[in-house]
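Paired with chain B in one complex and with chain C in the other, chain A is shared by the two complexes that follow.
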Partner chain A sequence: MRKHSSFRFRVCALLLVFYACVFLLPACRGGDPVLYMLSAAVPGSMLLLLLLPSGLFAPDRPSLAVALVLCGFSMMATVYLSVDETVSQGIRCAAGLFFLALGAILVRSFRPSVPTAGLAGLFGLGLLSLSLFISDLSFSLSDGGMALLLLAVSAFLALRLRLPALLIGLGGILLLLFQKESGSAAILAVSYAAVFWAASDSILWSGFSLAAAGGLFAVFLMLPGWFVPKEPEIPSVLSRLSSMPLLPPETVPEASGVIPPDLFFLLGEQYGIIILLCAVLLLMLLLIRGASLALHTRKSFHASLSLVAVLLLGLRAFAFLACSADLLPLSAPAFPFMTSSMPDLFAHFFLLGLLSGVSARNEADLEEDARLAMLAR
Partner chain B sequence: MKTMRYRIRVLTLALVCGLLAVILWTGKSVWFPAPETSPIPSAESLSPVLPDPWAEPTPFPSSSPSAEETPLSAETATPSAVENQPPEALFDTFGL
Partner chain C sequence: MPVASADVWKVLYTVSRYLFPVLAVSLVFLVLFFILSESRIRREKVHNLPGSGTVGELIVLSGSRELDANTWFPVPREGVLGSVRSCDLVIPCPGVHTKHLDFSWEDGTGLLIRPRTGCEVQINGVPVTCRTHAADVPLTHGAVLQVGSALLRLHLFAALDSTVSSFRPLPEERPSFPGPSAAFVPDSAQSQYAVPPVPYDQAPVVSEFMTPSVPYDHVPTVSECTQSEPLLDPSAIAPESSVSDQNAAPPLSQDSAASPEASPATVRRRRSNRWKEDLGE
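Now for the complex of A and B:
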C-alpha cells in the first residue's frame, strides 16, 4: 500500500514539474501574465483531482491521470499560438469533468432492467438522430449517443435479451448510415459486434449481429453516391509528419491561420513527433487499464461497460491514425481528449466516467469481501 | 464470465496491436518513404519514331558522298545508309 502511495506521489510530482515548466517557459519568453497563471493553475488542478479523497469524487486515478495528461497536451498545442485558445481549452476540459462524474454516477446507480435499458437505448437513438430533425445543427452528438446505445446493448445482453440488444444496435448503425457518417457508423458497428461477441454466450447470435451490421454497410455502399471517399489532404499528413522535428525545436513555428479543432498534429508541429508517440502510448495504457477493470469486475454488465469504453476510445484513436495516414478513405475522427470540439471531448470524459464507475464498483466489492471476511472470523 | 474475460483479453490485445501496427506503418512511411516511381511512359515515348515514307527526301550535305558515287549493295547496306537513301535508289539497289 505504501509502495502504491509513493508511486502515486512521484507521478503527481512529475506531472506538477512538467506542466509548470511547459507553461512557465513561454511565460518567461513572452511575459504574458495569463501564462504565469496557467503554470500554477494547470498543475495545481491536476494535483487536486488526483489526490482528492476517493469518497468525494470516485475517479479511477490511473485512467484520470492519463486523461489529464492528454488534456494538458491539448492545451500545450496552442500555448505558443493563442493564449486565449489555451485558456478556452482548459475551460472545456474542466467542464468535461462534469461528464466524468455523470458517467461514474450512472454506472454506480444503473441496475440493468428492461425499462432502464430501453430508456438508455432510446436516449442514445435520440442523440444519434438529432441532426436528422435539426438540419442546421453545427455539432454532432454521435459520440455520446453511441456510448448510451452500447450501454443499452450491454444492459440487454446482461438480461439475456438478445433480440432487443440486436435491434437497438442495428437501429443506431442505420441512423448513422442515413446521415452519411460512415466513420462513426464503422466504429459503432465494430464496437457493437465486439460487445455482442464478448457478452453473448451464443456464437449464433454473435455471428448474426456481425452479419447484420456488415449487411447494412454493404447495402449502403451499393447505393449510388452514398459513399464519397475522403479527398486527399494537401499537404498530406505523412508529409506534415516528415517535416515535423523529432524533438521539441528551439524556435517554435508561428501560427498559420485558424487553429484547427484537431490538436494532435498541431502538438507535433510545436513539440516534435516524440510527444505524439507519448500521447498514443498513454492512450494504450488507458486501454489496458480499462481492460484490467473489465477483467476484475464481478458482473458481466460492468465488464461490458468497461469494454464499451475501451473499444470506443481505442477504435477512435485507431481510426484517427489510420485515416490520417490514408489507410482508410474516411474523414479522420478526433483523437481522444485532444480536440477542441466540446461534444467530442464531453463524450470522451463520459467514457472515462464509465471506467471510473466500474472501478468504484470493484472497490466496493472488495470492501464488502473484507467486511464479510472480518465477520466470519 | 470466464469466456467473457478471455474474449475481453483477445479484443484488447487486438486493439493494442492494431494501434501499434498503425504507428509502425506511419513511422515507416515517414522515415523510409517508398522510392519515387517514374511516371508511366506515354505511347509516343514508347513507339519508335518512324520516318514519314511520303515526306520529301532531305538533301544530302555537300561533304557526304552522294548515292551515285557510292552505290549501295545488299551486303554493304547499313541501316543508316538505307535511311538516307531516296526510295527510288533503294528499289534499284535491291533489284526490285
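Now for the complex of A and C:
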C-alpha cells in the first residue's frame, strides 16, 4: 500500500519543481514580485490540494492532478506575455475549484427522483436559453447547461422515465440549434444518444432518441441561412502547427497586450509541440480514469454521470482538435481546462466534480463492504 | 529588480528549454503510474472482499432441469433478472421471460422488484406486477420470490435501517416446528414436543426447568476456568445445527462434567508455570 501511494507524492514533488521553475525563470529576468509570489503560490496550492486528507477534501486525486497540470499549462502560456493575465487565469482556476466541490457534493447528495431531475432539467434549459432572452450576452453558458441537462436525463433514465428524458434532451438540442451553436448542439446530441443507449437498456428507445436528434439537425440544416460553414483560418492551424518549435524557442517571447482566448496554441508557440502533446495525453488519461470510474460504479445513475463527464470533456477536446485542423466546418470550442473563458472553465471543473463525486461513492461503497465483512467475521 | 545577470539568465533559459519538456513528459508518465496504482489498490481491495458489490444472494429453492435447487446467485445492487445470458441474474426456468424484472437495492427498504410489462412475480405469495409500487413490497431477508416456476429465497448481507418511514414489513408468519414425524418417534419422545398449553397461574416455576437432571460434581471457580479451560477451537463449532438439535437437551454426561484433569491434553498452562516446567525438563 505504501508503495502504491508513493506515486501521489512523486507527482506532487514533480509538480512542485516544475511550476516553481516555470514562474521563477521569468521572475529572475524581470524581477517582478508577482512572479515570485506565483512561483510559491501555484505549486504550493497544488501540493495542498493533492495532499489534503480525504476527510476534508475528497476529490478523485488522479483526475485532480491532471486538471491541475492542465490549469498550470494555461497559466504558463501567458507568463512571458502578460503577468496580469497569468494572475487572472490563476484566480479563474482557483474559483473553478468551488464548482469542483459543488459537483462532488451534488453527486453525493443527489438522489434521482422526479422533482430533483425536473429541477436540474429546468436549470439546464434555463442556462441554455439565457442568450435568447439577453441578446447582448458576451459569454456562453452552454457548457454548464449541457452538464445539468444530461444530469437530468441520467436521473430520469435511472427512474425508468424515458419519455421525460427524451423530451428534456431534445429540448436542449433544439435551444442550441435556435442559437446557431451547431458545435455544442452536435456534442450534446452525441452525448445524449450515448447516455440513452447506455442507461435505457432498450434498443428501441436509444434508436428513437438518436433518430429524433438527427431529425432535428436535418430540419435545421434545411433552413436557409441557418448553417454557414466556418471559413478556413488563414494561416491555417496546420501551418501554425508546422511553424511551432519542438522545444521552447531560442529567443525569449516578448510581452504583448492582446492575449487570445485560446490558450492551447499559445502554449505551443511559447513552449513547443512536446508540451502540447503532453496536454493532449494528460486529457486522454483523465478520460480513461473517468471511464474506469464509470465501470466500477454500483448504480446505473452514477455510471451515467461518469459517462456524461467523460463524453462532454472528450468530445469537446475532439471537436477542438478537429475544428482547429479544419476537419469540421465549425467554430472550435475551448480545450478543456485551457481556456480563459470563465463559464467554460467552471463547467469543466463541475464535470470533474461529478467524476470526483462518483469516485467518492465508489470508495464509500467499498468501505461499507469492508465494514460488513468485518461484522460477518 | 532582476536577480540574475543577462548571461546567467541566458544559461538558465537554455537549460529550461530542455528541462521543461523533460519534466512535462515525466509528469505524464507519473500521472499514468498514479492512475494505474490507484486502480491496483482498488483491485486489491475488491480481491480481499469477495462479496464486494453484492447485497446478498438468491438461493434456488426449486428450479428446473437447468437450474438445480440450492444453486445461489450473488445479487448486485442493481440489475435485470431474466432467462437470457445478458441478464445479471439468469434464471432458465419455464415462465421466466428473457428480461423479466429489474431490481435495485434501496438503503433502509430492501430489494425493490419492478417486473417488466406483461411479467408477474410473487413475493411471499403476494403477486407483484409492473403496476405495483415497488417500495410497497420490498424483498427483505428471508423473503421468497417466485419467478415463473422458480422459487428463490433472498439472503441479505447488507443491513436494513428499519427507521425509514417508507418501510412497511410484511406480516410475519411464525414458522411452526411440528417435530419429528410420528412414524419414527416413540410416544415418549413425541410427548416431549407436544406440550399442551398451560395457564399462566399453573405454569411451573422456571427453576425446575433449570435444574440439571445430572448434578454437577464440581463447579469450577473463575480462576480454575482461566487456568484449565481450553481455548475455543473454531473447527469444533458446528456449522449450523438443525432445529431438532437446538430443541434437544444438551448431552450432559459424567465425562464432560468431570474435573479438568480428565483431559490433560487440553489443559492450558499458566505462563509463569511454563518457564518452570520447561526449565525443569
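Keep this in mind: the second predicted complex is superposed on the first by the 374 of 377 C-alpha atoms of A that agree within 3 Å, B and C clash if a C-alpha of one lies under 4 Å from a C-alpha of the other, contacts with A are read in each partner's own complex, and residues count from 1 in each chain.
Everything that follows uses one rule, which is that a residue touches a chain if its C-beta (ideal position, glycine included) is under 8 Å from a C-beta of that chain, and two chains touch if they have at least 3 such contacts.
Everything numeric here is computed off the predicted structure, so don't read it as measured data.
Partners chain B and chain C fit side by side in the overlay (superposition on chain A). In the overlay built on the shared chain, the residue A:Ile288 is in contact with chain B and with chain C. When the shared chain is aligned, no partner comes close enough to touch A:Ala101: not chain B, not chain C. The superposed model places chain B and chain C at 130 degrees from each other around the C-alpha centre of chain A, with the value given to the nearest 10. When the shared chain is aligned, chain B and chain C each come close enough to touch A:Ser300.
A count of residues in chain A touched by chain B and by chain C gives the higher number to C.
Once chain A of one complex is fitted onto chain A of the other, the partner contacts of A:Asp201 extend to both chain B and chain C. Residue contacts after overlaying the shared chain place A:Val11 against chain C, while chain B stays out of touching range.
Contact with chain B, but none with chain C, is seen for A:Leu241 once the two complexes are overlaid on the shared chain.
Once chain A of one complex is fitted onto chain A of the other, the partner contacts of A:Phe318 are limited to chain B, with no touch recorded for chain C.
Once the two complexes are overlaid on the shared chain, A:Asp369 sits against chain C while remaining clear of chain B.
With both structures placed on the common chain, the touch criterion links A:Leu216 to neither chain B nor chain C.
Of all C-alpha pairs linking chain B and chain C after the chain A fit, the shortest spans 6 Å. Put simply, chain A uses residues 201, 288, 298, 300 to touch chain B in one complex and chain C in the other.
Residues of chain A touching chain B in their complex: 194, 197-199, 201, 238, 241-242, 277, 280, 283-284, 287-288, 290-291, 294-295, 298, 300, 303, 306-307, 310-311, 314-315, 317-318, 321-322, 324-325, 327. Residue ranges of chain A in contact with chain C, taken from their complex: 1, 4-5, 7-8, 10-11, 14-15, 17-18, 21-22, 25, 27-31, 61-62, 65-66, 69, 160, 201, 247-248, 250, 252, 271-272, 274-275, 278, 281-282, 285, 288-289, 292, 296, 298-300, 362, 365-366, 369-370, 372-373, 376.
Against chain A, the residues of chain B that register as touching in their complex are 1, 3-5, 7-9, 11-12, 15-16, 18-20, 22-23, 25-26, 29-31, 33. Contact residues of chain C toward chain A in the complex are 1-4, 9, 12-13, 16-21, 23-28, 30-35, 37-42, 45-46, 49, 51-53, 76-78, 80, 102, 104, 114, 157-159.
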